[in-house]
Structure formats: structure tokens, C-alpha cells
Amino acid sequence: EAPARVELNVVALAGPTGLSLVQMMEEKPELAPEVTVHYSVVRTPEQMTARIVSGEADFAAIPTNLAAVLYRRGIPIRLAAITNWGVMYLVGKDPAVTGWEDLKGRELAVTGRGTTPDILLRYFLQAKGLDPDKDLTLRYYAAPVELAQLVIAGKVDLATLPEPWVTEAVQKNPEMKILLDYQEEWKAATGSSKSYPQSCLVVRAELAEKNPGLVREFLVRAAAATEWVNKYPDAAAPLAEKYLFISAEAARGSVPRCNLQLLPAWEIREEIDQYLQKLYDFNPETVGGELPDADFYLQK
Amino acid sequence: MEIKAEIEFSLHKVTKSYGALKVLNGISLDVAKNQITAILGPSGCGKTTLLSLVAGSRQPDGGEIRGLENKNCSFLFQEPRLLDWLTVTQNIAFVLKDKLPAEEIEPKIESFLKKTGLFAYRNSYPRRLSGGQRQLVAMARALAYPSRILLMDEPFKSLDPALKFDLIQHFLRLWTAEPRTVLYVTHEIKEALLLADEIYILSQKPTVIRSRHPLPIPRSQRRYDDCSLQALEKRIAGEFRSQDNPAGPAGKTFNFY
Amino acid sequence: MRISIYKNNFLLLASSLLGVILLWSAVAAVTGKEIILPGPAATFGALLTLIVSADFWCHLGATLLRGAAGFTLSYLAGLAAGVICGLNPYFNTAFRPLLVTIRSTPSMSLILLALIWFRADFVAVFVTFLVVFPLVTQNVADGIKNIDPNLVEMARVYRVKPFRIYKELYVPAILPYLAAAAANGLGLAWKVTVAAEVMAVPARGIGAEMDKARIFLQIPEVFAWTVVVVLLGLFFDRALEAIVEKRILAWK
Amino acid sequence: MRISIYKNNFLLLASSLLGVILLWSAVAAVTGKEIILPGPAATFGALLTLIVSADFWCHLGATLLRGAAGFTLSYLAGLAAGVICGLNPYFNTAFRPLLVTIRSTPSMSLILLALIWFRADFVAVFVTFLVVFPLVTQNVADGIKNIDPNLVEMARVYRVKPFRIYKELYVPAILPYLAAAAANGLGLAWKVTVAAEVMAVPARGIGAEMDKARIFLQIPEVFAWTVVVVLLGLFFDRALEAIVEKRILAWK
Amino acid sequence: MEIKAEIEFSLHKVTKSYGALKVLNGISLDVAKNQITAILGPSGCGKTTLLSLVAGSRQPDGGEIRGLENKNCSFLFQEPRLLDWLTVTQNIAFVLKDKLPAEEIEPKIESFLKKTGLFAYRNSYPRRLSGGQRQLVAMARALAYPSRILLMDEPFKSLDPALKFDLIQHFLRLWTAEPRTVLYVTHEIKEALLLADEIYILSQKPTVIRSRHPLPIPRSQRRYDDCSLQALEKRIAGEFRSQDNPAGPAGKTFNFY
């Protein structure tokens, strides 16, 4: 007889985090005859947390450290795969800035005090022997969108922005150039071949145990979808606008800079560990107070 | 006046203080049913307080008041106490609505406004009335309200002589038609002598009853030139001790008061 | 004469609205960048393109509904609570901490809960309630506390039924307090509703639209919506004022 | 007797606070998940760990300063504006749209401007001003409009100097309105200041801390801060009430 | 009374309406300097309105008032109009502060409170006073205020006979010591006959001056039994037309009023 019907809820956070899933959102490919998948996008972290905590979400695309935090807070989830490898850039008017050391004595606009972009920045600066609090001035803003507005308005000279705001900034304000690349810098600083695993796909633990086949199937499809986005940015752009609140033209430009690549967790334990470790060293709370144990990672 | 009139309500050794200030210091009096009892006394001796105790809006500290169980009181306060946002008619209707069937209210108010000559002002708001007119509205409200007991605090003040005269006539007619027990405060000895069946004089604080004066002559036959009344007037006036000349107003220009 | 006053008022009103707009364009001119503060021209341009779209009215309607619902609920509740607090000092002392708690609890903490308890649609109503309710309660309570006790004594002596005392004495007596509370509450209601919509992002609603427009960096549109909200505020404020004036001018 | 009342009040107060807490723990118990709504226990645990840290006091101080500054400024301004509006109907008609605009403009539209014009430290003050100022103005205006004209006539006939009429007649006459405005304004001030701090992320400030805690889902800490804010509100509300009572009870 | 007294201020064909209601319909009168002018008239005829025009708190619709330029007015209103949040002393100080040097205020208030027998209540708030006591405070305020012109609206109402008697004595003494021009409204013909140098009777609305009565006898020598005064009293009383018996209160019980 036919197996019981399965309803899958896939929830993505608006913005580049969900970028790798746009094709699936559009085409809703069939994973298995008995499975129906519902895709939804939420705009705020609160909403996402609510969905995950309440167990509504079977798959969720969220920042990697948020996944760790949720796990430590006792929410039964597994980190299934990393979807993108960093979207942070330093933009500015002054082409003279070619390395982090050039930031000495400058004023730099940053978002999210104490969150990953801030921590990475500090890490890079310290690696170059600069004291983030003494050798330069960091001006903090609440949300990237605000900072982007200021950058476009030319009210700030140096700013660290995530995609798609980087593209928005350079498109709308020709003076602005992309000066530094967090991702490259990470590789240089850590000597690893991969950038830092910024966002990931998590899966409900119960689903992962009960139905590993389905999870595997989903990951395979997601990987393909991710590649598609990388291959056809022009086709992906309108979808990004449709689902993820990224304007099409910005999306077109930012796809190559979003470092989309879906790798299952079990293949890249070290990279993830290393990333979380770094965050942990700066502030344990960024990963929930303690590094996650092995159960956090979805097993092969 | 029949001396042994039926008693409507009575106060027994009633005392009342405001904080440290002892006002009523053991007042005992019987108020005769369907008669008019006048209360005179020095300013600030506790007349208003006394009425408010009878009305039940204040509680005595000591003693007790008997015979008021579920009887309605009309209270004509010392100030008009009208609701600024209601017209004259509405102000009177405000107290009547719960007591009379809707259809009776309109005509009743109308008749009382006519009696008090306020009919032309039935739709004016209190702030657009003169002092005397406000007093009249308060009067009409008290009279129109169906009650067993009628308490009045200086009811006829700030009215012109003619109006005052008419009003008193009206009042007496009304009262004779449907008698109620009236307890009222005044400062006008002559007025009391004309209206009252019985006059109580209060002392200075701490206040007790100084004297009680039943009226010797039936109301209808009272004349100013009646010497017994003149004597009574002098006696009463004499009870008001003037601070300056303790001889009392009974002095040279006394006749003017 | 009456008419001339209205004419006058109308002129004044128009001119002061003009004043607001001039101020705005001046500031815009100074700021310079449309992406931060678009001037009236750009804004009204965006507004036009908005209005012609059918969605506009859905969003407007949704917000209108939430704001109105939130306000009405909290106003009625506040009226009741205020009267009780005003009449009974003990209840007042007991209730006040709760009131202050509601009033000064940061929205963030509430949003966290609201998002979980209610559908996104309802969050705005909830948040509005929490802002407007204490406002009304406070004003009503302070109004009641200051009613002329002589009038109350009069009504009591004449044995007027409590409900009628409440309806015909208390309410008119505290009308100015009610007016102030209504004006403040109504004004804040729109602001708060929109803010809540920004955080809860319901399917329809000005707040959600503003947020979307902002994310797409369509700042003129953001301001177009702002204008809509302000107009909402102005409209209801006028309506309110008209009602109150009518009630009070009669006997003043 | 006086004392017994105070005792009474104190008991009432304590019990009602207890009530709030019980309610809270009940809801928490129902919700179940600490990550959504931590109960009193967890919250006060977090609060303790906060209080012992030196930073706590810096953040508290910063927010306290901003809230107080914002409130004081807007209260004084509102008092002045309110008096003028109350006395001069034309000015009132002209000023009211501006008032409504300020009152109902969504913060989202203002925050960016605020960010550009002021240092992050000052944004909170600005936003608080925008909320509290109209509130006070409204109440004061409506209060003034309802002062007994007979008393004013008296003062005028006796040629009392305008400023003294203002100080000794108007202000005491509208004291209850001022009280309501102060209570509401002060209550909202804390809430709004914190909200603004969330948006402007100054180096020090409860809002910024709450936001950080929220991002890392340290919900107990978020609530600990919330408790701090509420306590601020309660404290100042008590102080205020005490002052007002003293002024009014004297002659009531 | 010297007939040709100096004139303090004068009204010329003054008219005043409230909306459609025509109240004052061309009032012309000269108020003699440092004399006491009494105004009598039916309730609601416009007496208070007239005083408020003189005080300048209302503007006439037509006609003009001359001779008031920069003169201070004391106005004893028909209601006490005290500030509830100020004590008796503070209420009086409220009007004095701008007019007297600080050190004079205290003693002045004290003396006036003593005269009116309110000294014991100097620190009470108005709401804790009796009706008569409030009236006294208002009176003390009006008298203490340094003014050329003294306007009074039923100044001696709701006071007990003795107090009223004393107060009038005080008032006269004070007025003789430092004369002011007094324009005052009353409903008591006898009181006017005792106090005034000149009495004006107003008609019903639309109000004009019905008659003017200079007092024939110097104040000090007036006696009630003086027949010329009794005649005058009758005349004046006769001018108040009662609606019921147009014969006027001059009817049978008239003597009581």
C-alpha cells in the first residue's frame, strides 16, 4: 500500500541566506510521490526562531551560529548542510585602502555590534596587529539596510556590508568600490581552502532520524538548485526579488559574491568547528555559551 | 400649632467633628411631621453640616438619627449645584428620571418652571443664568422631586423682594396642597417667623441647641404688627451675640435687621 | 460669524499644513539625498503611483482595521478601568503597578511574545492595546478623582441610579480628560500599529509595505506611506475634535 | 490612621506586584519553553548575574540619563506649547496638525534622520521627545481650556500679573492633567528610550544590551533587562504619585 | 448728602446683550466719588452684568463708560470665587502681592481676617469653610485690595444677623477712614436705606434705570422709625412688580419684607 503522506515545511530567512533555495521555491520539485513541500520565507529572526522552536519548520535556512545557539538552547535540530560561505565586504570611496592595515586611523561603519560581521572584522584587524578599539573608530548601526542608505547617500566613507547591500551600494553610488573581501581574508588568516560557513540548512532532529532518505533527497536537490543559481544568475535574480526581498538587479550582481555552495555537514566538520571556535573565542554567547557537541551535525 | 405633632424623624445627641474641630456637640431634636422647622444660628455653627447628616451624605460621629429609613429627601443646597452641561430642564429631569414615569416628567418640570418664572430659560445652560436664576433652578429641582422630607439651606437668598414674596407664597401653597416635612436653614428672623411652625436657634461652636421657639399664632393669621411676634423677634435677635457690642444687634440701628 | 470662524479655522489649518510641508521640503533640501529624506515632490509622486494600485487600499484597510480595533478595545477597557481606579483608591493602588508595567515594558519583549501567541495579523492590535490602554486609564482615573464632590453628593442625596450618575455626571464631567486621552491614544495608535506591523510583517498592512519598500531602498515610497499614516492621524483627529467641540461648546 | 493607610497601601502594592509575578509565572508555565518566555526564576537568575557586573550600572545610567533628559525636555516644551494652545484657539488650530504629525509619524521614517543628525547617544532623547511632547501638550491644552473662567475673570479684575496667574492659577488648576500627562509620559519615556536605543545601538544603554541578548537568544537576559526597565517605571511612578498626592490632598 | 458730589465715573447709554437676549438697554448713570451707590433690581435684570462692565471684564455693546482709566477695582463677586488650592491667607495674598510691598501684606491680611472674625481659619482651605465663611473671605479680599472703586454683588448675604450687623459697622468705619467709591448690588431695601448715599432701581429686561433715590438723611442719623425713610422704603418696595399680585408686595404680609 502507498506510504503515509508527508508534509514538509521549508522556511528560509529573507536575504542571501535563502538564496540557494529560490529555484526550489519556484518549481517545487517532487522529492517523492507521497511528499508535498511547502516553502515559506520569513523576514525577521524572531519569526524564524518562533517557527523553529514551535517545530513548524522541518528545514530552515539560517545563519550557522544561530543554528548552534538554537541547538544549545535545547531545540532538537541538526545542522544538515552549509549553503553559503560568506557575503561580507568592505566598501568605500577610497581605493587607497587595499589591505586591512590601511584602516588604521580611519572611521569605519559597521552593523550588528558583537555579531559575526563585527567579530570577523575584529579578528582580521587583530591578525594585522591593529587594536579595533584604539587604532580606528568603529561606528555601529542596527541594520545593514540603514547603513546601505547612508553609504549610497555618501554619508559614510568606509563601511562593511553584507550582500545584497554591497551590490546595491556600488550600483547606486558609483563612487563606492568594493575594497576588501572578508572571505578571501578568512582563507588567508586561517590558511584553510574554504571561506567561513556563514549560513546553513538545519533539519528537525526527529525528521532526520525517522526519514534520512527524504532528508538526503532534499539535500541533493538543494545542492543542484544552488548550482543552478550560480550558473544562471539572470534567471535567479527575478526569483530572488519574488521570494527573498532582494531587488532583481542587486541579486544579479550579488550572486557571484554570495559564495553559494551546498556541502553536507559531515563533509566539512572541520571548517564549521573552526568557524564556531573562532566565534566562541571572541564571545561564547555567539554560539550559545558552549560549542555544540557531535550530535549537532547531521551524520552520513 | 398643635403642640403634640406626630414626629417624622429625630436626632439623638448627635455629634460631628471635622478633624480636631468639634462642630456639633450633642444635638437632640424631634422634627414634627408635615411641619416647617426653621433652624437659625451663627455663621459656621454647623447648620449645613446638620442638614447633610439628615440627608445621609455625612455620618455623625456620635449619637443617632431615627425615622429616616427609606424616605426620600429633597436637598436644596447652599450653592445651586447644577450640572453645567445640562439645560435647566435637563437638570431637573436628572433627579426625576428614576422616580417618575417618563410621561409625567415633562409636564411636572414645566409647571415648576412656570411657578418660578424660569420657563423662558428652560433650555439655557446654568452658566448663562444669573445668580438668582440658578438659585431658582435649584429650588425648582428640590420642590419637583417627590420626597417626604425637604431640606433647604437658605432657600430664598439672592432673590429680589417681589420674586421672594411670590416664591414664598408659591411654596406655602404647594406645601399646603401636599404637605411634607420641611427642615430649613435661614438667616432671616422675619422670614422664619412667617414660615415656620417651630424655630430652633443653634449656639456657637461647639454647637448645641440654644433655644426652641414654637410659633404662637397660626401661619395664616401672622401679622408683623402682632406684638407677640415682635417680642419673639426681639428675643431671637437678642440670642445672636455680636462680638463688638455683646448687647447684641438690639442696639440703636437694630431695627434694620 | 460662526461661518467666518470656520473659514478662519480652515485657512489656518490649510496654512499650517502648508507650513509642515514647507518645513519638510526645507529639511529635505538641506539633507540633499533622496535616499535618506525625499522631498514632498518625490514623495507625492510615489504616493500617486501607490494610490492607483488596488493593493494600496487593501493595505490601508488592513492597517485601518487593526489601528481602529486596537484603539477601540483599549479605549473601552481604559474607560472602565479608569473609572474603577478613580473611584476606589485601594483598587487604584493595587492596579497602578500593573498599569505602569504595561506602560513601560519595552515593545521588544512584548513583540517576542506576541509573535508566538498571535497570528501576525493580531500582533499590531495587541501592541496598540498595550500602549493606548494605560494612557486612557490614567487620564480617566485622574479625571474621576477631580470631579466636584459637591455634584456627586447632590446626585447621591437625590438617589440617582449609579449607572446614570456614571453616564450623566461622571462622563460629561471628565469629557476634557476623555478628549485628551482620545486624541493622544488615536494619534499613537497609528504610529504603534505601523511599528508593530513592521516587526510582525503580516501579509497586508502599511507597516509591512513600508518595511518592504525600505528593504528595496524605495525611500520615496516609505515616505509616501508615512504621509498616508499622518493623514490618517489628521483625519481622525479632526473628526474627534469636531465631536468634542460640539459637546462642550454647547454649554461653555 | 494616616499610617494605617500607608501600611494598607504598602500591603496592596506588594500584593499586586506579587500578582503580576504570579500571572507571569503562570503564563510562563503554560508556554513551557524558556527560549520563548522565561519564568520569574530564570529571569531573576539572569538579573542577578547582570547586576553584579560593573557594566550593568553604566548601561542603566546611560538609559536613565537619556530617558530623563528626553522626558524633562518634552515635558517643559509641552507645558509651554500646551498653555499657548489652551489659551489661544487660533494658535491651537494652527499648531494641532503639527502636533498630530509628530504624534503619528512612524518612528521608522524618522530614525534614519535622527541617526544622521544626532550622535547615537542622542537619538533616544530625540525619539522620546517626539512621543512625550505631543502627549503633554495635548493634556495641558485640554486642561487649560477647561479652567473655570470665573476664577480667571477674578484674577484679571484684580490685575494679577499674567505670569502669576499662570503660575498660581493655571498650573494648580490643571494639576490633575499635568499629573496624568506626567504619569503617561514618564511611563512611555522608558519604553521609547529603550526602543530607540535598539535602533541607534549606542555604546552604552539598556536597549543595545537587550538587542544583543535577543540576537543570541538569551531570552532570560532580555527579560531581566525588561524587569529593570519596568522597575525604573514603577520607581518614578511612585515618586511622581507621592508628589502629586501631597500637592492635591492638602486642599481636597 | 451734598447733591453736587464730584463724579468718579459715569455710564452713557450703555447697552449689553447676550446673543439674542437684550439685557442692558441704555443705562446712563453718574457714580459720585467716595459715596456709596446701591443698585436694586429684579433678579436677572442685569445687575451683575452692569458691575462686570464697570470692572472691565465684559465690554458693552453700545454706549461708553468714562472715568475708569487706570483705576483699580475691587470686585466682590456674587459667588466667593476662591482658589481651592490656596488657604484663606494665601487667597487674599494672591491679589495683594502685585500691589503691596511684601512686608505690608502679612499684617494687612491679619487685620482684615480679625475684623471678619476669620482669623481662626486663616490656614484653612476654602473647601473646609462654611458658606458664610467663604463669603467673608471674598469680602476681606475685596476690602484689603487697595482700590479706588469697590464693586460688591450682594456683599452681606448668607451671614447671621449679628455678624452681618458687625460687618456693616466695620465696613462703614473702614470706608469713613479711607473713603472709596462704592457701587453695590443688593436685594435688601432696608440695608440699602441704611448704607447708601444714593439708590438706583433697575427695571425688568430690557433693563433701564427705573428710578433714582438720593437718601434724604445723613447716614449717621438714619433711624428706622424715621417716617421719611419708611415712606421711601414703601416707594421702593412698590417698584418691584410681583407677577401674582401686581399691587406689588405692598400687600398684606408685605411688612415681612
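We call the chains A, B, C, D and E, going by the order they appear; numbering starts again at 1 in every chain.
Here is the rule we use: contacts are C-beta pairs under 8 Å (C-beta built on N, C-alpha and C of every residue); 3 or more make two chains touch, one makes a residue touch a chain.
In this text the structure is predicted, and so the values were computed from the model without any measurement.
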Exercise. Just how many steps, at minimum, does a route from chain A to chain B need if it may pass only between touching chains?
Worked result: 2
For this session: Could you find the two chains linked by the most C-beta contact pairs?
Result: C-D
Exercise. For chain E, which other chain has the most distant CA centre?
Worked result: A
For this session: Would you mind pulling out the distance in Å between where the CA atoms of chain B average out and where those of chain D do?
Result: 51
Exercise. When the centre of a chain is set as the mean of its C-alpha atoms, what distance in Å lies between chain A and chain D?
Worked result: 39
Seminar exercise, completed: chain A and chain E have mean C-alpha positions lying a whole-number Å distance apart equal to 88
For this session: Find the geometric centre of each of chain C and chain D from their Cα atoms only, then give the gap between the two centres in Å, rounded to an integer.
Result: 17
Exercise. Where in chain C do residues touch two or more other chains at once?
Worked result: 36, 112, 116, 211, 214
For this session: For chain E, jot down the residues that touch at least 2 other chains.
Result: 79
Problem set entry | Multi-chain contact sites of chain A, meaning residues that touch two or more partners | 46, 50, 53, 149-150, 155
Exercise. Okay, what are all the chain pairs that touch?
Worked result: A-C, A-D, B-C, B-E, C-D, D-E
Exercise. Touching chain C in the complex: which residues of chain D?
Worked result: 8-9, 12-13, 15-17, 19-20, 31, 36-37, 90, 93-101, 103-109, 112-113, 116, 131, 134-135, 138-139, 141-143, 145-146, 176-177, 179-180, 183-184, 187-188, 190-191, 194-195, 198, 207, 210-211, 214, 219, 222-223, 225-226, 229-230, 232-234, 237, 241
For this session: Over in the complex, which chain B residues touch chain E? Could you list them?
Result: 18, 40-44, 48, 78-79, 117, 128-133, 136, 153-154, 157-166, 169, 187, 189-191, 193-194, 222-225, 237, 240-244, 248-249, 251-257
Problem set entry | chain D-facing residues of chain A, complex | 45-46, 49-50, 53, 66, 69-70, 73-75, 112-115, 139-142, 146, 149-150, 155, 285-286, 288
Seminar exercise, completed: So, in the complex, the side of chain D touching chain E is made of residues 150-151, 153-161, 164, 168-169, 172-173, 175, 247, 250-252
Exercise. Chain A touches which residues of chain C in the complex?
Worked result: 32-33, 35-36, 111-112, 115-116, 120, 199-201, 211-212, 214-217, 219
